[in-house]
Every structure is written in C-alpha cells, then in structure tokens.
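Each structure below is given as structure tokens.
Both complexes below contain subunit A, partnered by subunit B and then by subunit C.
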Partner chain A sequence: MSGFVVRRLAQMVIVLFAVSVLTFLIFNVIPNGDPAVRMAGKSPTESQVEAIREEWGFDRSLPVQYVETMRNVLGGEAISYFTQLNVRDQIVEGIPRTFALAAGAAILWMLGGIALGLLAASRAGSKVDRAITVVALSGISLPAFWLGALLNYYLGFKLGLFPNGGYVPFTEDPLDWAYHLILPCTTLAILFVGFYSRVLRANLLETMGEDYVRTARAKGLPQRQVMRGHVLRNSMIPIVTLWGLDFGAVVAGGAILVETVFDIGGVGQYAADSVGQLDVPPVLAVTLFGAFFIVVLSTVVDILYAALDPRIRVTG
Partner chain B sequence: MSDPLLSIRDLAVSFPTEEGVAQAVEGVSLELGAGEVLALVGESGCGKSVSALSVLGLEPGSAQVSGSACYGSAELIGASAEDLARIRGAEIAMVFQDPLSALNPVVRVGDQIAEQIAAHGDAGRSEARERAVELLRRVGIPQPEDRARAYPHELSGGMRQRVMIAMAISCSPRVLIADEPTTALDVTVQAQILDLIRELRDETGAGVLLVTHDLGVVAELADRVAVMYAGRIVEQGTVDEIFEDPQHPYTWGLLGAIPRLDRPRPARLPAVAGAPPALASKPTGCHFRPRCPHAFEQCVEVPPLAHRGGGADQVDRCWLAADAKRELREVDGQFGLAGAAEAR
Partner chain C sequence: MAFGGLFLVLVTLAIAAPLWENVAGRGPDQTNETGQIEVDGEKVNVVELDGTPIGPQWGSEYFLGADANGRDVMVRLLYAARSSLLIGIVAALLTTLLATFVGLVAGWYRGWIDAVARSTLDVVWAFPVVLLGVALGTSLAIGGLQLGPVTIEAGSRLIPILVIAIVFVPYMARPIRGRVLALREKEFVEAARAQGAGSWRIMASELLPNLTSTLIVFAPLMVANAILLEAALSYLGVGADPSWGSMIDDGLEKMITAPHLAIVPGLMLVLTVLALNVFGDGVRDAFDPRAEVRVGR
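Up next, the complex of A and B:
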C-alpha cells in the first residue's frame, strides 16, 4: 500500500514534468505568441520590444526560460504577463469556486444517474426506458455553453428565478452562495447524468444476470434486499470509480465552459482567459494544478476501488 | 413411497428463440421423498437444470413455465414472489454448480450466510453471524471464525462449495436441490463434498434432488435416478435397476460410455453417436430416434413413460420389447452404441 503510494508519487512527478514541458513548448511555438510583442502594446518600436524582452528574460534560451518560469510557478511567484497579478493568488481565489461547482454538480449527476439508471433498468425495454434513453442522449449531446446560456437567459435573466450568473463566497452568505450555484451545477450535471444513467443501467442489467444474484433469490431474500444488497451494490463499484475520475476532470478544467457562461470566476475561467491571452505563467500553473489533481484523484480512485472490490489488490 | 415432500407434475419450460420456441422441458414428473436422493441425469442442455430451477421460480426471465410443483400443499409454479421467498432457502434450498460465481464476490462469506438466516427468522445480526460460524464449522471448514470474514476468492473451490452448502442448510430445509454440486471441483474434493451431502441428508432427513451429468456421482449418492433426454424423462428407476438393467437405449449408451477398470481399455472411448437435437427443432415421436441404432416404425410416436421391463419400480420411454432390449443391449455392450450403429 505505501509502496503503491510512493510509486504513484514518482509517476506524478514525471507526469507533471512532461505536462509542463509540453505546455511551455506549445505556447512558445504558437504563431504570434511572442509575449514581448504582445506586451508592448499597439505599434511599438523595436527598441521597446527589445527592452521588454530583456526585462522579462524572453531573450534567454528556452531551457533557461523554462526553468525560471517553473521556479516562479512552483514558488508561487509567477506573475501574469498581462494583468501583472500574482498567479497563485488568482488560483487560490478560484479553487473554492471551482470545487463548489464541481462538487455540487457531481452530487446532482450521481443522484440523478442512480435514479434514472434504476428506473430504466427495472423497466428495460419499456417506453419509460426508451424515454430515459432519449433524455440521457440529449444531455450527453447538449453543448455546455449553449445549455448554460439558455438556462441563464430564460431562468435567470428573463424570469428572474435565479441570479444572472456570478458567485457569492460561502463565508459571505451561505444561502446566496447556494442560490448562485443552482443553475451552473444543474447545467454541468445535465451533461453527465445521461451518461451515468446509461452506464448504471447497463451494469444493473448485467449484474441481474449474475449467478450470485440468482443465489440471493434462491436464499429467499426479499426482492428489495436482492436489489439493494447484491445488484445495486455490485453495479455501483465501477460507477463510484468513474465518479472520482470525472470529478477530477471537472475540477481540472472540465468546467471551463460552464464557469465562463455563469461567470463563476473559478480556476477554469481563469484558464480560459489566460489561454485566450497566450499568458504562459497562469496557463502553466493551471495546467499543473489540473494534472496534479487528476493524478491524485486517480490514485484515490484506485485505492477506493480496492476497498470496494476485495478481489482487486493494490500492489506497489 | 409415503407422501412425497416435493412432487412435480407435467412440468414444461419453453424459451422463445429466433428459430422458434425451444421446448427445454416437456412434461417432467418427479416425486421426491424425505431422506431420499433422487438424481436427475442427462447431457448438457437436456433440461435437467432448468427443471430444477423452475421448481423455485429461478428459471431465466424469458422462460415460460407450466405444470405443477407442489411442496406439501403449496403450489410453487406461478406462486407470488412473497410466497416463493418464504419457501426459498427456508424449506427448499439450492446448491449451485460453480460456487465462485454463485457467491457474491464483494461480500464476506459469513455475511452471505447470515443474510439468509436473518431473512427467515427473527435472529438479529450478531446471532445470525454466530450461527453462520457454527454452520461453517459443521460443514468442515477449519477456523470458521476467520473464514467467515473471508471473501469467496480467498477460499479454495472445495471451501467455497462447503460455504454454499452451509448456506443451503442454514435454515434446515426439507428439500435440497443440488445443481451439479461437484462439477466445478477437483476429483478428490468432489468425493468430500458428496460425503458431506450424504452426511447432511442422513442427519436432517432432507430430500435431495441431485442434478448431474456425472454417473459416478449418481452411483455414489443417489437412491433413485431419472434419466432425461431432450427435455423428457426417458427412464426412471432405483439406482441399482438403472445401472444393472437399463431399459432405454440412451441409458445403456450413457452407461456404456463410462470407461471401466475391469475391462480392457478400448482404443477409443465409446460414445453415444450423434448429438442431441436443437431444442427448437426436435424430432417428432421419440426424441432419441435419430441417434438410436434400434429405431423402428413405431418410434415416430411418443412412447409413454411406462413399466415395460427391468425392476419393479422401473419405467421407460422405449417401444422395444423387454427381451429385444436385453439382446440389443448385449450387442451394444460389446461395441458401444457408436460401434453398433456403424456395424449395421
């Protein structure tokens, strides 16, 4: 177990290194990516650009620039090229917003997925089942920015049932915080709930055909207990691990569109803004944050999987 | 026999398939008495397992079941889910073929037993757990306290089947249905499991319906035998009658396929020539007709199950006269059924 964690930590270092080098290189080969030219403003003179280049160290070799940038990013001293704001402060401010959005949505899509999956599997082949399939596929297919914008416009702006985007910190007003999160969480959840209900439905139907479910019935357990204790329990194992991975993916950038549409101001929105400006330090920092979070969560998921299914052993 | 514990009458099971309706079981009737081991034997797909499963309403969902299966005065076929749940596990318990897939892989075996005890009585959680440990001890599992906390994959195949048996006897059922209980096990373990089933039968007086394709197991454990072919019982009798004086060509074909230690080993093991018919397109009349070297005109009609020869309790479904059977069996016995068919 400890060997497993150590090995995963070593893997994480390698992953983070590779991700950071790739991100750094990509932003250096992008056309029009020269930060000095972009920072110098409209029609600068050659000497102005040169001065910026020297001041910010863009004239040095790429490896040197990479090491310098990474030192700043990891040390929490990186400064945005364009807003001149400290990158770490921006991310720290965004994290609770992104987490609140992701956690709220994850709970919603899990509960919705279980309810719809159970309903669909218990009436497999019926009209209800087919209706759920249609709903699920619509949810999977809807673009987040379109659905989010639509909900925001009609329910938020037109009807005034919900705030028109924005975020209120929990510490300021917990009720208002939740109120502001309802629409964005729902939007994000709708994108996942269809997929989860489909996966659970398939798992349930497969599990119902297992020999041990027949054994459970042969034991004379009431139908409810067979479903809860054997069918649902075993069907949920892959769903729970999927949930962990999806939560990680959402925190690590999957919520960019929803955050932007609802103006949450989380890490995803920060990433989107920074990428738009080809602002290397925040992009690097956000990418590393995302990669770090995904590696950590996939490790947690692996450990969780072993806890849920004793046949799986975590070995280092 | 005094009043049977379980009596099955005209049980029929069919499945809708793309090739038409598959008649897996057609008109099976059986009676099982207390303390008796009745073996239901036949090849894979002859309908023996489905017959046993449908007694408890455990047949696959697409199956159509008709006929009757009475436990005492209770009709099981078509009984409500609640009524069936009360009888399953408590009055009639099952042991399945592959204990690895028949046990829930993510639940501790002790809990799987305790769950059944709790479902059929007012034992609390801890009491049910204690009883589960006692049962594990009873079926010969060493260190039952530790093993109760094990998951199925942590036990050997024989241990797992002992767990299944402990589970089956946990509520002292009057009838035990064992569906190929030793098929998935090593030979030495098979013998232990058979001994255990016999011991429990002697101890509890339960009736055992033993579903198997293994005639060695039948000889070892059964009192009576019903031989099934393509969904019908073709011959039934006591184990001695069936083994000594088989009346149906299929039965003696099966018996002839057992390699014998007391005879020279043939170059090829004898087998019953041909393959069983597809369930959706069985031949009319006697289903064994196309594979039978002795088939004649009358075989296009279905022979009723009747006493035609052999021991007093023996019934069969073959039109041949009893003395003709004896002669033909001798010929077949020399060559095996396959050899006889080729020789003609």
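Up next, the complex of A and C:
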C-alpha cells in the first residue's frame, strides 16, 4: 500500500512539473509573444525594448528563464509583467472569493441533486421523472456566461432583487457577502444539479434492487426508513467522490466564466484577465494553483479507493 | 428522437445560411452604421444616433433586426450556426480519433507506453479546460502557428478546433483504455493471437469493433460539449466570428435597448446543445445504459 501511495505522489509531482513547463512554453515559443515589445508600449525605440529585455531577463536562454520564473512563482515573488503587482498577493486576495463561490455552489448543487434524484427515483417512469430528466439535461446544456449574464441583468439590474455583481468580503458585512453570492452560486449550481440528480437516480434504482434492501423490507422496516438508512446511504458514495472532484475542478478554473460575468474578482477572473494579456507569471501561478487542486484531489480519491479495494493497487 | 430531428433542422439551417444571405441581400460581416431602410414607406435609420439598432422587421431584410454595427442579425445567426456546428462536429471527430488511438495503444501495449500515455492524459486533464483553451487561443490568435510545412493563420477556424479537440481527449481516452484492458483478456483476442495476428491487426479488427458502442455513446455528448466550449472561447474573444458566443458577447453591451441581441443566439446555442444531449441520452440508454459518460465542465 505504501508503495502505491509513493508511486501516486511521484506521478503527481511529475504531472505538475509537466503542466508548468507546458504553460511556460505555450507563452514563450509562440510568434509575437515577445513580452518586452508588448511591455514597452506603443512605438518603442529599440533601446527601450532592449533595456526591458535585460531588466526582466528575457535575453537569457529559455531553460534559465523557466527556472528563474518558477523560483519566483513558488517563492511568492513573481511580479506581473503588466500591472507590476505581486502575483501571490493577487492570488491570496482572490482565494476566499473563489472558495466562497465554489463552496456555496457545491452545497446548492448537492442539495438540489439529492432532492431531485430522490424524487425522480421514487417515481421512476412517471411524468415527474421525465420532467426531471428534461430539467437535468437543460441544466447541462446551458452556457454559464449566458445564463449568468441574463440572471444578473434581469434579476440584478432590472428588478433590483439582487446586487448587480461584485463581491463584499465576509469580514466587512456577512449578510451583504451572502447576498452578493446568491446569484453567482445559483448560476454555477444550475450547471451541475442536473448531472448529480441523474447519477443519484441511477444509483438509487440500482441499490433498490439489492438483496439487503429486500431483507430490510422483509423485516418490516417502514419504507421511509429503508430509503434513508439503506438505499440513500449506499447510493451516496459515488456522488460524494464526484463532489470532491468537481469542487476541485471549479476552484481550479471551472468558475472562470461565472466569476467574470459577476465580477467576483477571484482567482479565475485574475487568470482570465492575465491570459488575455499573455502575462506569463500570473498565468503560470494560477495554472499551477488550479492543476494542484485537480491533481491532489484525484490522487486522494485514488488512494482512498486503493485503501478500500486492494485489486487497484496492483494495476494502478 | 424528436430532438435528433431538431438537430437535423439546425444543421439544415446552417447549411442554408448563404441562401438567406441572398434573400437578405447582405453578408454576415457587412456593417451598415449610417444606412437607412424603408419601413411602412418611411426612411428609418438602421442604427439610431444614440446607437440603438433597429428591431426585428420580420421580412427579408433585417428579419431579426440589426446589431450595434448595423449587421443583419438573422444572417449572422445562421452563419454563426455554421461555425458552431462545424467546429463542434470536426473537433468532436478529432477528439474521437485521438482518444481511440491513445486508448487502444495504451490499453493494448501497457507497460511504459501506457505510463507515458496516462501521464500525458493526466497533464491535459489537470490543465483547467477554459484556461487552456483561452491560453492556446490567445497565443495562436495573434500570430497563428507555423509547424514545419503546416501554417495556421491567425483567426482560422482550425485554432478553436484543435484547442477543443485536444482538451477533451482525456475524457474519452480513459474509458476507452479501460475497455481495451478488459477486452484484451477475452478469448477471441487470444484466438486471434494464436492464429498469428499482429498487434495492429488485433487492434484494428478485434478490439476496435468492440469499442463501437462506447464511441457511439460518446459522440453526441462530445459534439454538445465541443459546441459549448467553442461558444465560451468565442465569448472570450478567442474563437470564431460570427459565432453564437461572439454574438452573445456583442449583444450583452446592448442589453438595455436591444436585449434580443444576446438572448436569441443564446437560445440557439441552448437548443442545439439540448437537442444533442437528449439525443445522446437516448443513445446511451439504447447502447450502454450503465455507462457513466461525462465530458467537460
């Protein structure tokens, strides 16, 4: 078992290293990607560009630049090429915003998924079940930015029921903080709730056919108790796994569009802004931040599975 | 099935875009900021002095009105359908090809080939999808790409196609690899090997046919998600234009005076993706009801 864990952790480090090299290359090998020219502003002289190149070290070889940039990123000293702001400070400011959005949405989509999944499974084949299927499929068919923009415009701007985007820190005003998060969290949750209800419905229907459920019924347990204690509990395991992975993916960049539409100012929005300017240090830092969450969570899930099921350790 | 039909109607509309261009008398990118058209015998500005574009005319010209630059929304909508569907379908096909190849080779050879393939998939997987798309899109949209004899011009539709195709490969390659790992232990593979069939022969004529149901189940969902990602990329300005995403982006700026500019392309997008998802759901139930398929997000 410990060999498996070590192997998985080594893989994790390799993947993160590869992601950082790839990101660095994407932004450095491309044509017109010379940051010195873009930083020098409009119609710079050759000597100005040269000076910037020397000051920021763009004249050195790519591997040296990579090592230098990575040292700065990991040491928290990376500076944006364009805003000259410290990248770590920007990310640290964005983290609570992104987490609040992701956590709020994750709770909403989980609760909604359980409610809809239970309803659909308990009336499988009925009109209610089919209606829930359509709702679920509509949810995964919606573009986040469009839904978010429309909700923000009609409910926020036009009817004035909600604030028109923006974010208020929790420490400043907890009520206003929650108030600002309702629409963005709902938007994000709508995209996931359908999928969760479908997976839970399938799991519930499968579990309901198991022998131990029949036994529980035969013992004379009331329907409600069988559903809660036997069926739901066992159907939840795959959903909880999924939940962990999805939460990681949302923090890692799945919320970029929603953050941008509602002007949350989180890590995702910072990434979107920096990517548009080909600003390498922030993009590198945010990509690693995101990849870290995805890789760590999937590694944890793998290790947990391996702990539960010894067969995986051999083939993994 | 009704939704499969709806998708065919949308494809037909996209193909017919040049026909409507002839009826409307203007192309998708033809601006008309200062022009006038005749409405009920009166001359009316296509774009008012305060920037408000003309609303739907329900006739050949400006059927759905104009956008902020005086372009015909209906013509743009149909051409956008073309790019969205074209990019979505071609990208999904490319993903399928790549994923099938990677999944087959990794699952069949195992060992170090499998290790390399899996790490590569992990890297692509760990890369946040939208971020990778925007990163590649932005970097390629400026100067295009030159790889040996292949040159991709900036603004080419190949850019979003390649980006989307690569990003989705892990979602499909992983289940295919899993299937291959199970299939390679089956008796018919052993029989083929005993007859002296080589690796490629076994992959092509023994394993591939057995992957058909997996591929068919994935296909509609792949296209649906490719279209959604294309819309997100063009919304962020790194996809095709006109595309439903770029039209939504343009339209959101005129939300107060002309909300239909953002709503109509969004509805087209939702209808298309919903049609594919419902169709895909039916296909899954028919071919492989226990398959857990998920792409994107």
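What we mean here is this: the second predicted complex is superposed on the first by the 287 of 316 C-alpha atoms of A that agree within 3 Å, B and C clash if a C-alpha of one lies under 4 Å from a C-alpha of the other, contacts with A are read in each partner's own complex, and residues count from 1 in each chain.
Here is the rule we use: contacts are C-beta pairs under 8 Å (C-beta built on N, C-alpha and C of every residue); 3 or more make two chains touch, one makes a residue touch a chain.
Computed from a prediction, not measured in an experiment: that's the story for all the values here.
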Check: For the three-chain model obtained by superposing on subunit A, do subunit B and subunit C clash or fit?
Finding: fit
Note to self: After the superposition on A, what does A:Leu232 contact: first (subunit B), second (subunit C), both or neither?
What the structure shows: neither
Notebook entry, point to check: Given the touch rule stated above, what does A:Gly276 touch, subunit B (first), subunit C (second), both, or neither?
Noted result: second
Next item on the list: Using the touch definition from the top, say if A:Ile294 reaches subunit B (first), subunit C (second), both or neither.
Entry: second
Notebook entry, point to check: What is the contact status of A:Ala120 with respect to subunit B (first) and subunit C (second): first, second, both, or neither?
Noted result: neither
Next item on the list: Please work out whether A:Leu308 is in contact with subunit B alone, subunit C alone, both, or neither, and reply first, second, both or neither.
Entry: first
Margin query: Tell me the contact category for A:Asp246 with respect to subunit B and subunit C: first, second, both or neither.
Written below: second
Check: Of subunit B and subunit C, which one touches more of subunit A's residues?
Finding: C
Checklist line | Partner chain in contact with A:Tyr153 - subunit B first, subunit C second, else both or neither | finding: second
Check: Put simply, what angle do subunit B and subunit C open at subunit A, by C-alpha centres, to the nearest 10°?
Finding: 90
Item checked: Closest approach of subunit C to subunit B (Cα atoms, Å) -> 16
Next item on the list: Within their complex, state which residues of subunit C touch subunit A.
Entry: 119, 122-123, 125-131, 134-136, 138-140, 142-146, 181, 224, 228, 231-232, 235-237, 245, 248, 252, 255, 259, 262-263, 266, 269-270, 273-274, 277-278, 281, 292, 294, 297
Note to self: With touch defined as at the start, can you tell me which subunit B residues reach subunit A in the complex?
What the structure shows: 56, 58, 81-82, 84-90, 93-94, 96, 98, 101-107, 115-116, 119-120, 151, 153-154, 164, 167, 171
Item checked: Touching residues on subunit A, where the partner in the complex is subunit C -> 11, 14-16, 18-19, 22-23, 26-27, 30-33, 133-134, 137-138, 140-146, 149-150, 153, 191-192, 195, 199, 246, 249, 252-254, 256-257, 271-272, 275-276, 278, 283, 286-287, 290-291, 294-295, 298, 315
Next item on the list: Could you please specify the touching residues of subunit A with respect to subunit B in the complex?
Entry: 210-212, 214-223, 225, 229-230, 233-234, 237, 308-311
